[in-house]
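The same chain A turns up in both complexes below, where it pairs with chain B and then with chain C.
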Partner chain A sequence: MEPLTLKRQGTPGYWISGVLCSSLLAIPSAAQAHGAHIQSRNTPAIEIQAHYDSGQPMAEAQVQVFAPNDLQTPLLRGLTDGEGRFLFVPDQPGDWEISVRQAGHGDIAVVPVTLEGTVTPDYNNSGELTPVQRGVVAAAVIWGFVGTALFFRRGKP
Partner chain B sequence: MRTIRTIRSLSKLILSLAIPSMLWACTPTSTPVSSESSDPTAPTPETTATDAVGELEIRANGEDFVRQGFETRDGWQINFDQLYVTLAAVTAYQSDPPFDAEAGGLPIAQTTVSLEDPVTVDLAAGEATADPILVGTVTAPAGRYNALSWKMVPATADPATGQTLWMQGTATKDDRRIDFIIKLNPTLGFVCGDYVGDDRKGFLDADGTADLEATFHFDHLFGDGEAPPEDEINTGALGFDPLAAIAEGNTLDLDQAGLEAQLSPADYDRLMGILPSLGHVGEGHCEETELARS
Partner chain C sequence: MHIPDGILPTQVCIAGYGIAGGITWGTLRQIRKTPDPQAQVPKASLLAAAFFVGSSISIPIPPASVHLVLNGLLGTLLGWYAWPAVLIGLLLQAILLGHGGLTTLGVNAVMMGGSALIAAQIFQLRYRFPALLHRKWFLGTLGFLAGAIGFGLAALIFFGLIIFTIPANLDRVTEQGTLAALMIAHIPLLFLEGGFTALVVLFLYRIKPELLES
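What follows is the complex of A and B.
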């Protein structure tokens, strides 16, 4: 399995990727013929990073990004960089799915995205419980034992 | 009496809080659908708000390595005539949350469908460009099937009676040709998440047809001559040299006991250690649940 790790970051204004180019290019209505202008802005982006079990990055691996409203048709295709990273800007909240494949090995990550375009704060893609979840589980188990004991110790009518 | 009523009320209150809390708290890792505890032949549970159903096909794929042949890491050209595997307890899940085989456990699913009986298929059947082999079709509630599990078990009928895996074909290197039959009979279990490949699978519409695929990576066993020697697919593979070394002339016909007796302990251990990595869903890895834990 090749874990996909995630980072949230605000992209700096000078950073431009193929993913963003189409949304950044703008031609003012009063532009002169043949004139081209590039604008930049800050926007929340989601970065994935894929690597093999050995820790080696999945460099130049195929990436497909599926938006929540159509999980069968990739919204974006691309390649990871030399460190196995890929950046995309979600345009809607929901569970985004990102597949990374290389040389017969691959994985799919499901990334919950908020209305603000960031990863859900409590998202944990390690498959393990967060400390808060562990605390809740422990409390629930204790509640269960106490409640069960009291139920069976109740007096008979 | 007032004290008793108070205790009863308190007990009911605690129970009413505790039971939902326990159910909720257990959901992140609990495994209500178990290939061990659930009966794969049981009727599909009532699962959807509607009765919309479609046809879900389960296919098995040995990939081009099996259909077209390949060169091993140590230079043998392998061509399979037959490659029988027997699949049992094949179960498809609408897993929520999506199942991550890396994290272990079993899918958490309200909707599962299963094939009732074990099925033996020949992964080498058909032409070089043949479609993956159909294992079975099941009428299933519409929805998204994003996890798959199955077992590999010894066949109970011909042509592979008693064998989980029956590999028959030829291995050629330079001017030597070996006709081989390699038979293995361990029980294997694979639990897998979503299919990873060029296309997505498991999206079943009402009155539609969708498929899921149990994929077998035999390059893990023999290596891939087209990959660099230092590639992990080759460094971990057995190759064919150890098997050629125990062939009688130009024939190798051994079952698991024979392989254990004639291979070096290190090669036999490597062979058996590779088997849990055979099962995939496309390029997605699975967790092996039987041999690796035995």
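What follows is the complex of A and C.
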């Protein structure tokens, strides 16, 4: 009977300790902290800038960043700034896919990233035509159409 | 207005190519039935050039920039020939200017070329009213309606396709908000396209009315 009595006497103490421990565990870790610290360090980041054909930046457009090891699920999501820019820090080398979309318009860029987290030196994403090149291409196409029109308009022999 | 690569699901792109193939077959059959199928080729070539250039004239209206489409004009002036003109114009725009895309060529063709064929049928209504056939106001009104409805239908197809195919991993509310803003931005363009088509119709009626005959 004695052990039972002792056990009964000690029960409230165990309960109090248990409740205290549980309460401490239940408190969010952030609330247990007494202060906050911010660390800073240099890290290589990649910036993209999206704009429309007209040159107007794609401001507040939706961005999705896909890591090389999972091109189905976006690793990061966000919005471009007013100039159409978005910054992210790659955590692994490989081909990163960045999708920018706004109102049914958008583009997907594949950015090759090195082990150091920088863009491959020989990568060139400025494959767009300059306004002069565009003008030349448009003029050539127009001349092609005009030539076709003249060809079919010529007198039949 | 052009839907670029990577925006639509693969099934929609394939369906677009399928429908575009069927329309191409149908329009070429109609063109072959004409007494001289080559007679309209010069006009079709010149208007295809106008269509090609039209998309390069951007009008910045937030959140994106809009541009002339001129598909209603092509339908009004070319009839069945509007389809091949739009198709070739879209192909060259995708390859040379990066407007639209090759995977979405079928969808874009159905969107703009199909609407052009509807515009053509609207302008054909003039033959149902022989008494009004040579009234300028009547031709101008039909031209306006053909141009505006041709463009409006293309815009509706564009917005419908985009709204119903927003990917699950995209913020739907944000995308729908920007789409609504872009849709509103296209309303002035509706009147611009209609007005431009009416002006061209009236101009051709004055200087060379045979160009309006079909």
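By our rule, the second predicted complex is superposed on the first by the 94 of 157 C-alpha atoms of A that agree within 3 Å, B and C clash if a C-alpha of one lies under 4 Å from a C-alpha of the other, contacts with A are read in each partner's own complex, and residues count from 1 in each chain.
Definition applied: a contact is a pair of C-beta atoms (placed from the backbone, for glycine too) under 8 Å apart; a residue touches a chain by one contact, two chains touch by 3 or more.
For clarity, every value in this text was computed on a predicted model and none was experimentally measured.
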In the superposed arrangement, which partner chain does A:Glu60 touch: chain B (first), chain C (second), both, or neither?
-> second
State whether A:Leu71 touches chain B only (first), chain C only (second), both chains, or neither.
-> first
Between chain B (first) and chain C (second), which, if any, makes contact with A:Asp81: first, second, both or neither?
-> neither
Is A:His105 contacted by the first partner chain B, the second partner chain C, both or neither?
-> both
Which of the two partners, first being chain B and second being chain C, lies in contact with A:Glu47: first, second, both, or neither?
-> neither
Contact residues of chain A, present in both the chain B and the chain C interface | 52, 54, 99, 101, 103-108, 128-129, 137, 141, 146, 148, 150, 153
Within the complex, which stretch of chain A touches chain B?
-> 1-3, 52, 54, 66, 71-72, 97, 99, 101, 103-108, 110, 126-129, 133, 136-137, 139-141, 143-144, 146-148, 150-151, 153-155
Seen from chain A, its contact residues with chain C in the complex are 52-54, 56, 59-60, 62, 64, 73-74, 77, 79, 99, 101-108, 128-129, 134, 137-138, 141-142, 145-146, 148-150, 152-153
Touching residues on chain C, where the partner in the complex is chain A | 3-7, 38, 41-43, 45-46, 48-49, 52-53, 56, 58, 60, 63-65, 92, 96-99, 158-159, 161-162, 169-171, 174-175, 178-179, 181-182
In the complex formed with chain A, which residues of chain B make contact?
-> 4, 7-8, 10-12, 14-15, 17-19, 21-22, 24-26, 28-29, 97-98, 100-104, 144, 193-194, 196-197, 200, 203, 217, 219, 227, 231-233, 282-285
